[in-house]
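Down below are the structures I want you to see.
Next come two complexes built around chain A: one with chain B, the other with chain C.
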Partner chain A sequence: ETEIKLANNTNKKIRGMALPRTCINLSRLTSTSDKICMRLSSFASTQTAKEKWDLLSAVCLERKPVIARNLLPIEKEVLSMAQKMEYRLSLKSDHEIQLEKDRERQERIKQGDADDSDMDQASLNSAQDFEDASVEELSKFPFADRITEADKEKDQKSLDRMLDRHLLLVVRQKLGTSSVWILPQGQRQEGETMRQAAERVLAESFDGKVQSRFLGNAPCGFYKYKYPKHIREQDGNSIGAKVFFFKAHVTSDSPLKKGSCIEDFAWLGRDELDSYLPEKYRKSVTEFLIDED
Partner chain B sequence: MILVNIFSSRRTFIFTSFKENMIGIRRFIQPLLGFHTSAVQCAEPMKKKKKMDPSIIRHREQRKMKRIERSIRKLERVERPLKPLDETQIPLSLKYEIPIRQRQLQPISQDIELSQRELLVAWSHHKQKEAERDLACIRKLLDAQGKALKELKLESEELYIEATQLDLSLLPYKAVGPTRTPQIKGYDPPDGDYIDVSRKWE
Partner chain C sequence: MFKQMLSHFVKAQSRQFSPCLVKSQKPDYFNSIYPVESYTGILNIQLKSYDFTVLERFSSFVHRISENIGVDVLDVWATPSKAIDVVTFQKNSHIQQDKYHLKEYERNVQIDSIPASLLSVLMEVIHTSLPESVKLSIHSHEHQYDEIRFVPDLELKALRQELDEITSAKNK
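Moving on, here comes the complex of A and B:
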């Protein structure tokens, strides 16, 4: 325990490039062979060769919302109020002036005070006709539905579902003996950075290229778990795995085809994660996901 | 004594009893006294203007007018290029149309005004809570990232340095915001596609 405490202290000192002092501090407890080990090993790996963790990269691939959410009741009220105030403060547009003139002309024609110019103008298309035609065109325009077929069928492999919410990619992978629903993860290989490992994991999980955009080189979240005892006890094996998550946006809406590394995949909304992800894992994952009401 | 006004054109002389003696001298001095030089002109005296034939003058004027009119018509025939939107100005005629365009509306009743004020208060509360939630979410995301980077640093300094490198491919970042309805699959616009050909000065 004391060793670990010192290691934590020295971590702060190393930030100020104080390597000789750390060596002196630790020399009280570590043997000569360990000291040599320390000096030969990389600059700030203060975790001495006692605890070995596997470094894993995971991908947090999301489809961002495509359409805006429906308005809340208060938002609707404020919108209508704002529109009324806007109307009061505005000046009349050319179209409105034209409507008024047409109305006056109609009145004059009814009363019988019309002159020749009025009769000429009356034969042209009036502003009211134009407005009616425009309104009709808008009502007839085939807008795409906000609730798609995928929503109705609850097809969890489709990207067309829940267009006003985030969709997170979750896969079923075999870890040890059991299959779990997790974010796609894989171990980092030699010569890779963590982000490159994440990109490789995504490429290997699916057939064909997944059009994605990774957001930066830094991980967005962290989760660690220990392996079962019988694996830990074996020589040369690590204690457990440290998973570093990397955020990415999926840029195309073409459906994915599952690769050989995974058993199954699904695109899930925030409220569906409870039933798929393990409890502790889900808590760590929701730490780096944007909240949705 | 002689007082001579040498500047007047009509030379008036006042002289005394030496009148007869002065007459001879007078005849000699007069032109000398009246002699003056003008400033150096460096010019010729004006030439005499010859009178032009009025019909020729008229003909010349007509030709000039015709040439000017022809050039005006040519310029008018060419399509005037449209001004870029950034350079458009509010037409001055609107300034004089304001009285015509003002709306004559009944003033808002007290009840409606009160309800509007209450609604705005409720709205400000709602927006404040929304802002607080957004900030809390951002803080949570940053904390999660900070923890992850800390753990990575504990594991390996090299990987940490790689993780903290700037990703220049991210900038400039462009995102198309969410719309009211989703895209219509395979939509063929009846007016055709809009291709922006406006010139950019950068």
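Moving on, here comes the complex of A and C:
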């Protein structure tokens, strides 16, 4: 519509003069160029406006299970079956052969067929005695409790809790104005790799060295969030933060002391994460944590 | 005004067409900014335990998992076991109370050129699924680990020593 109007206008205005062909052609083109301009303005804004994101590394520090989990009923059945098969398919051990020989010797002595060598052998410690002594020693052995004092007191700062499960380190940090329970995180500084940043974050969060082993240089997870509007809109500020998680295992039992960068910390089991971590964050984090049924 | 519109239109057209040009020929700098995956060399997953049955089952589990995850498994072998004698004494005396004979068995799974990011996943999985009494060690392969597998040929050694003695006696 606009195309025709323009053409008519130009024709009306300059009726007397001969319009150059290029002008008429251009008038047709203006409408299409308007459309292109409108399409490209949105295209240009996404291409040229460079979004600035802060790069953060976070540490996923875990204490691995210390003791094995209790077996499920089906696992118990499979184990007993496997043990039976193993027993059937295996050859006799030295101890079992000795037991048999002793029994045969006892039989011969009873029936009066004993040799001199038999009488000599019978006086030594028999295999049966050894077995009895071993069984008695096992029954006297004091096994440690599976449920420790820390479990009973529900001390979330102790590493002795929940020995058969994973414990994840969660800290309370101040982000902006509010404090949230998150995995320890910090911004990458100039000249650092992301993993070095993660190690620094861990060192700064706690007093004294945290004995840990990082699993490789590649991050295991990712989470991004935007800053509130009033911060975003200030010139030179980033739009948000991109957090890369790095996995680590804690290698010592010694309790941690809180550093200055964090307000509080806790070692949490998988079920307790729900009540501490924010919803969306927890979804990203549980993506890279090993499942526990 | 028409001139402005024309220049604007030409610029707009060129912007619209330029992404198509980039798609067909990637610029050289693209290779350097594309993330480079680093591959490790030959690694040995060494499993040690006093319990033979558990160790065997677990080594086959590790082998199966490594294959399923897409890793090149070169070799799975058993190293000769170590016999360990433990002697307990009665309190404050030299009188032997108990003597224990233990055997430490060993299994190795050798993997080759695993991407570093996948290695951390594999390590995590193996560590978490370790059964009781099994010790895990993941290290790069060295010549000494091959040497341990072979029983030294004492006869050959003795013969060589004799030969050395004869030659040295001749030289004198």
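The rule is short, and it goes like this: the second predicted complex is superposed on the first by the 192 of 293 C-alpha atoms of A that agree within 3 Å, B and C clash if a C-alpha of one lies under 4 Å from a C-alpha of the other, contacts with A are read in each partner's own complex, and residues count from 1 in each chain.
In this text, a residue touches a chain if its C-beta (ideal position, glycine included) is under 8 Å from a C-beta of that chain, and two chains touch if they have at least 3 such contacts.
Keep in mind that what you see is a predicted model, and the values were worked out from it rather than measured.
Asker: Quick one: classify A:Ile147 as touching chain B (first), chain C (second), both or neither.
Answerer: A:Ile147 contacts neither chain B nor chain C.
Asker: Quick check on the superposed pair: does A:Met119 touch chain B, chain C, both, or neither? Answer first, second, both or neither.
Answerer: Neither: A:Met119 stays clear of chain B and chain C.
Asker: Applying the document's definition of touch, where does A:Ala218 land relative to chain B and chain C: first, second, both, or neither?
Answerer: both
Asker: Does the superposition put A:Leu175 against chain B (first), chain C (second), both, or neither?
Answerer: Neither chain B nor chain C is touched by A:Leu175.
Asker: Chain A residues in contact: does chain B have more, or chain C?
Answerer: Looking at chain B versus chain C, the one contacting more residues of chain A is B.
Asker: Taking the superposition as given, does A:Ile109 touch the first partner, chain B, the second, chain C, both, or neither?
Answerer: Neither chain B nor chain C is touched by A:Ile109.
Asker: If we overlay the two complexes on their shared chain A, which of chain B and chain C does A:Ala68 touch? Say first, second, both or neither.
Answerer: both
Asker: Which holds for A:Glu86: it touches chain B only (first), chain C only (second), both, or neither?
Answerer: second
Asker: Touching chain B in one complex and chain C in the other: list those residues of chain A.
Answerer: 43-44, 64-65, 67-68, 215-218, 220, 290
Asker: If we count contacts the way the header does, which residues on chain B are in touch with chain A in the complex?
Answerer: Interface residues on chain B, with respect to chain A: 98, 100-103, 105, 108, 116, 119-120, 122-123, 126, 133, 137, 140-141, 143-145, 147-149, 151-159, 162-167, 170, 175, 178-185.
Asker: So in the complex, which bits of chain A are touching chain C?
Answerer: So the residues of chain A touching chain C come out as 23, 26-27, 29-30, 33, 36-37, 40, 43-44, 64-65, 67-68, 82, 86, 137, 215-218, 220, 247, 249, 290.
Asker: Quick one: in the complex, what on chain C touches chain A?
Answerer: 2, 5-6, 8-9, 12-13, 15-16, 53, 57, 98, 116-117, 119-121, 123-125, 127-128, 131-132
Asker: What part of chain A is in contact with chain B in the complex they form?
Answerer: Those in contact with chain B are residues 11, 42-47, 53, 55, 64-68, 72, 74, 77-78, 81, 85, 88, 90-92, 97, 142-146, 148, 163-164, 193-195, 214-222, 224, 242, 244-245, 287-288, 290-291.
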